[in-house]
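Two complexes follow with chain A in common, the first pairing it with chain B and the second with chain C.
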Partner chain A sequence: MATSTTAPDADQREPRAGAPARGPARRPRGPRRSLLPYLLLAPAVVLELAIHVIPMVVGVWMSLLELTQFHIRNWSTAPFIGLENYRATLDVNSAAGKELLHSFWVTLVYSLLSVGFAWLLGISAAVVLQRPFRGRAILRALFLTPYALPVYTAVITWSFLLQRDTGLVNHVLVDQLGLLDDRPFWLIGDNSFWSLLVVSVWRNWPFAFLCLMAGLQNVPGELYEAAAIDGAGFWRRLRSVTLPMLRPVNLVLLLVLFLWTFNDFNTPYVLFGGSAPEQADLISIHIYRSSFKTWDFGSGSAMSVALLLFLLVVSAAYLLITNRRRDDHA
Partner chain B sequence: MRETAGERWGRRIVLTLLTLFVVIPLYVMVTSAAKPLQDVQNGFTWWPSRPTLQPFIDMWSTVPLARYLVNSLVVSSIAAICSVAVAIFAAFAVSRYRFRGRGVFSVTVLSTQMFPGILFLLPLFLIYVNLGNATGIELYASRTGLIITYLTFSLPFSIWMLVGYFDSIPRGLDEAAQVDGAGPLRILFQVILPAAVPGVVAVTVYAFMTAWGEVLFASVMTDEGSRTLAVGLQGYSTQFNVYWNQVMAASLVVSIPVVAGFLALQRYFVAGLTAGAVK
Partner chain C sequence: MSRRHLGIFTAAVLAAASLTACGGSGDDSAGSGKTLTYWASNQGASLEADKTILQPELDKFEKQSGIKVNVEVVPWSDLLNRLLAAAASGKGPDVVNIGNTWSASLQATGALVEFDDATLQAVGGKDRIVPAALAAAGAPGKPPAAVPLYSMAYSLYYNKKSFADAGITAPPTTWEQLAEYGKKLSTGGKWGLAIEGANPSENAHHAFTFSQQYGGEWFDSAGKPTFDTPQNVSAIKRYIDFMAADKITNPSNAEYAQNQSVSDFANGKAAMLLWQSAGSNLKTQNMPADAYGVAPVPFLASPPAGGKKVNSMVAGINMAVFKHTKNRDGALSFVKFMTSDEEQTILNRTYGSLPAVKTAGSDPAFTAVEQKTIQETLVTTAAPLPQVPEESTFETLVGTAMKELFADAASGKPVTEESVKAKLTDAQQKMR
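Let's look at the complex of A and B:
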């Protein structure tokens, strides 16, 4: 390895660089050394601060202002109104509060169903592809394709499939199978929720598959051999070997997928445009619409902050519960 | 361990259903891109009435696709490269040093993943606009603003994956280099990075994909001149007509490079996820 004779890295070294310490490599404790990790982290920290943390703090401040179209150009002049935005948007007796509550429930059900199905498809694919067979590599690549596609191309394609008059779905259901007499609308009305769910599962499940496949690579084959010798069938092996071994992966995967899906803006926005049908009015679209259509950034920010608080509580509760379970088992 | 007949059939059924679910939309994308306009307007057909490559020609003039493509390429490549460069240093620090605040950093960075984009969209929008008015630095509606924004999106996951990769490189290598008199940066560039090339490439592709597919900020933070593909593809729907064949052709052209890159590197993603998840 790197025997340094000409390298210009002297400035990184302690004065005794000329005589490299032999024996056990001890970490020198000069002041520079202890500063180095912080210098290495600085760019990442500065960027995250600038684009995520500071805007979030500003967002919390904005939620306390009457930041309507009259004050956007110079928002330091916007009047401070305390928690008025929160009262106006979260009060479930007001019209705005009812709409927000509705879209909260829609988003919650949507996220739970989407994550559930994505996980189910992901684990099925990961388990059946665990054993080597001809064509496995091709199927694995194929299954990952929906995740690799840019979201807007994937969702635009689905919106084509779901068109009432020219889409594949109605063509198959109505023209070819004759299951329905009328051609249903898929992108407006009650069906829009289910359309959104199918598209979201199609997009999400490959990520679950990818993670679970990665997790399965860590399961030692001997465990299955031992289980088989004990006479365990497929379901028994799944329940007693595979799922317990996947536990750490599942904990992270389910939380991350839930948060992504709950915050998802891209899928409904591309599928429905800026104004989703009421039945599929996800919370991110709802906030976007009420912020940019009416230019009321103050109440938009209040809703965003409330959303973040909810997600923080959910994540904290999830981590606490799963950690306690893990302690119980240990 | 032998597979029972039931398991074999179960496997075939599961694989067939999943394959159909995945393939049908892809099939429609590919075949519709080769359909004449009447085909996509007069109801669905499984196969073009007369296959044509005309949509691939027309799509460039219906919307200024070339400009959107260049914008997306510039924004995504620069954002990806910068993001990975920043992530490499951060991951090196987290993987190789024990310092005060290490845990806090890891948790904070990862938790930015769960912030709803909409939460910092509004303030960032106002900050960019006001900064432009006050100082003349154009971040709103410029490619620079998008680049800076996007590079932070992939950063947390890139750091996480790279820490996993770096941790898997034996410390003995560092120590040997250290004994030979190599400083920390030399260890990073001459020992760790060469051993982590697949991981770095995978993370770069991931960062590129993140920027290439982003819709929310692209739709708010761009104007006609800086518009990316994410927003530009909506231009094929006019009030009277949707040129579905051209939409599908453009989608295909836009997707193939990223899908190919991802699939080529997928096993490194699996390796990175394993390394990250097991810790």
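Let's look at the complex of A and C:
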């Protein structure tokens, strides 16, 4: 009996004996657990520093230097000139400042129009393709083609199409349809802006279409059914169901498209080369020309920093406004 | 700022930053020991053609010296940027080709080996090199930053049949004649003169020549820009007027930047062309050598006071060695090989250019009319572009201003003394 009573005692005692040992073991786990999130974040922080923060700091520093071909080999020896680069490039009374301001307006109008048209085309196509019908998959694939093509290939093809004498666009407009008497220029002069816009919309709208199509998948069918029972027509359903439900997608889509378009370098560079016509002289090309063609990297950096600040303000304002509206609606 | 606002702010910073970040690419291939990396400029009909032309010569060099040369042919549109990136990063090829007009600009970076007398001696000696070509290889008063490899000059190419059909018996010797002949030749969808209007470098070369003839300069003796002087305004207007006033140039030429003007000449769409060593290019476009004549670039009939008898820049390609090379001796021996009499003959004969060394001119290929004309021009009437560090900036700014003036002319907007001066003043103000 004694053994039978002591055994459970021993069993019960064992955990008790182990308890004090477990207690201190749990305590060191506390600080370790609080370190873990930082460890997990560390790679992201390191990459963030390397990819964004350090280049940004270097860019800001370069914008304060007179960095030309004389110092490019060892740029840390370039003379410090404070805000002179900003004064020279942002002073709208100087030739450089006037040109930058011109580029800024061209880029702003170009971006707003490009995003507007891309969004309109995207939403139209997404709504049309919402209902299943024969050939829908083929159309979807077709619509996404411009997005899938490599930028260079796509834009260089456009530059061939838009040549005045040998391009297909003038061939169709002038020779085949007879719509115009004289062959217009598309890659120089006033039309160059519209050519750039068309190519940009052509490249951007499939992305809008893709995002909006994905957004539409998440709209519950019951909402449309309920709206139909209430007698809502197509436009009413679009206004009261589709667009409100797509709001979160649109918020991100419009901001991202605007930022991409505002900074777009590939399209104008491939279409026009390093010296774009003044009517289509986007700010990205302008900065490239200052930095790499006229070898004034200090001014180029100053303009980049100014551009960054502008986009920062636009992005922050946009996000603040749209978030506030969302709160109001909630 | 609330936490959410902070989050929004951070997101905006990162979104904007990720979209404005720009990157460069480095090439960590500075040769050592038994290999060298060589960036060759595009001289032939294509990058592939150049590689095919150069490879047997590089193999020959490897057999002689035991040093293997890895060649990459770089298109002109990328070359200056690539050179600049290599100069800035201290990484890249050992030996490069540079357009000779960039010599002083690249020399200012301090990244190129300077060819002082001893270094020149190591590659064959200063006396072998054509003096005009050597003058276009670095800033005045400093040792050259490169060694001339191929020499070229502008000439006037004219279509013999078009001239005969129009009853013109000899090529024009003055711009006034050229305009007059051009009007006779601009009929039936064909044009008198083809121009590469959207190519800033090409424009800048003509800006230099015309300016010299009108007594102008693009930089004063202190190296300060003098873009908008009356002489330069007249010079640029004269060139643009071939399209704007004389109407002997197809307005479409205002968008040409990919050597389409050479194609137009080869295809008979234009009867005249101002170009450097166009012969090999015309041959690849199936224009037989007897279909065209080659004459010196015209002058003004009555030049103003101070006008110079200059009708071409000293054009050419130089060879430079980066200071960062780990095999300087090997690189110099490669330069010596490429500028040897034998290689100068082989390469220049293939490319239709002229040897940059005096000792290699006897090959029959260099006695053809085209080469004779280039030779004559280089010896008597060519001058080097201003060898100042800002030269590449001049090419960009003035060349681009001319591109815009051509665009105006093409779309029927008036090109006046005032509009030319305004563009040149703007360009000058952008020089720092």
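Note that in this section the second predicted complex is superposed on the first by the 282 of 330 C-alpha atoms of A that agree within 3 Å, B and C clash if a C-alpha of one lies under 4 Å from a C-alpha of the other, contacts with A are read in each partner's own complex, and residues count from 1 in each chain.
We take it that a contact is a pair of C-beta atoms (placed from the backbone, for glycine too) under 8 Å apart; a residue touches a chain by one contact, two chains touch by 3 or more.
As the structure is a prediction and not an experimental result, all values here were calculated from the model.
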Partner chain in contact with A:Val270 - chain B first, chain C second, else both or neither: first
Touching partner for A:Val249 - first (chain B), second (chain C), both, neither: first
Touching partner for A:Ala125 - first (chain B), second (chain C), both, neither: first
First, second, both or neither for A:Leu108, with chain B first and chain C second: neither
First (chain B), second (chain C), both or neither touched by A:Phe292: both
Which superposed partner A:Leu139 touches (first chain B, second chain C, both, neither): first
Chain B versus chain C as contact partner of A:Pro55, first or second or both or neither: both
Touching partner for A:Phe70 - first (chain B), second (chain C), both, neither: second
Contact breadth on chain A, by residue count: chain C or chain B: B
Touching partner for A:Ser315 - first (chain B), second (chain C), both, neither: both
Chain A residues contacted in one complex by chain B, in the other by chain C: 48, 51-52, 55-56, 72-73, 75, 163, 165, 256, 259, 262-263, 265, 292, 304, 307-308, 311, 315
List of chain B residues in touch with chain A within their complex: 1, 3-4, 6-7, 10-11, 14-15, 18-19, 21-26, 28-29, 32, 40-44, 86-87, 89-90, 92-94, 97, 99, 102, 105, 108-109, 111-124, 126-127, 130, 133, 148-149, 151-152, 155-156, 159, 173, 175-187, 190-191, 209, 212-216, 219-220, 229-230, 233-234, 244, 247-248, 251-252, 254-255, 258-259, 262-263, 266, 269-271, 273-274, 277-278
Residue ranges of chain A touching chain B (in the complex, touch as defined): 1-4, 7, 9, 11-13, 17, 20-22, 25, 34, 36-38, 40-41, 43-45, 47-48, 50-56, 58-59, 62, 72-73, 75, 121, 124-125, 128-129, 131, 139-154, 156-158, 160-161, 163, 165-168, 170-171, 175, 202, 210-211, 213-215, 217-218, 224-225, 228, 234, 248-249, 252, 256, 259, 262-263, 265-266, 269-270, 284, 287-288, 291-292, 297, 300-301, 304-305, 307-308, 311, 315
Residues on chain A engaged by chain C in the complex (per definition of touch): 48, 51-52, 55-56, 66, 68-70, 72-73, 75, 88, 94-96, 99, 163-165, 185, 187-190, 255-256, 259-260, 262-263, 265, 273-275, 277-278, 289, 292-296, 299, 304, 307-308, 311-312, 315-316, 319-320, 323
For the chain C and chain A complex, residues of the former touching the latter: 4-5, 8-9, 11-22, 77, 81, 84, 87-88, 90, 105-106, 108-111, 198, 200, 250-252, 254-255, 257, 389, 392-393, 396-397, 399-400, 403-404, 406-408, 410-411, 425-426, 429-430, 432
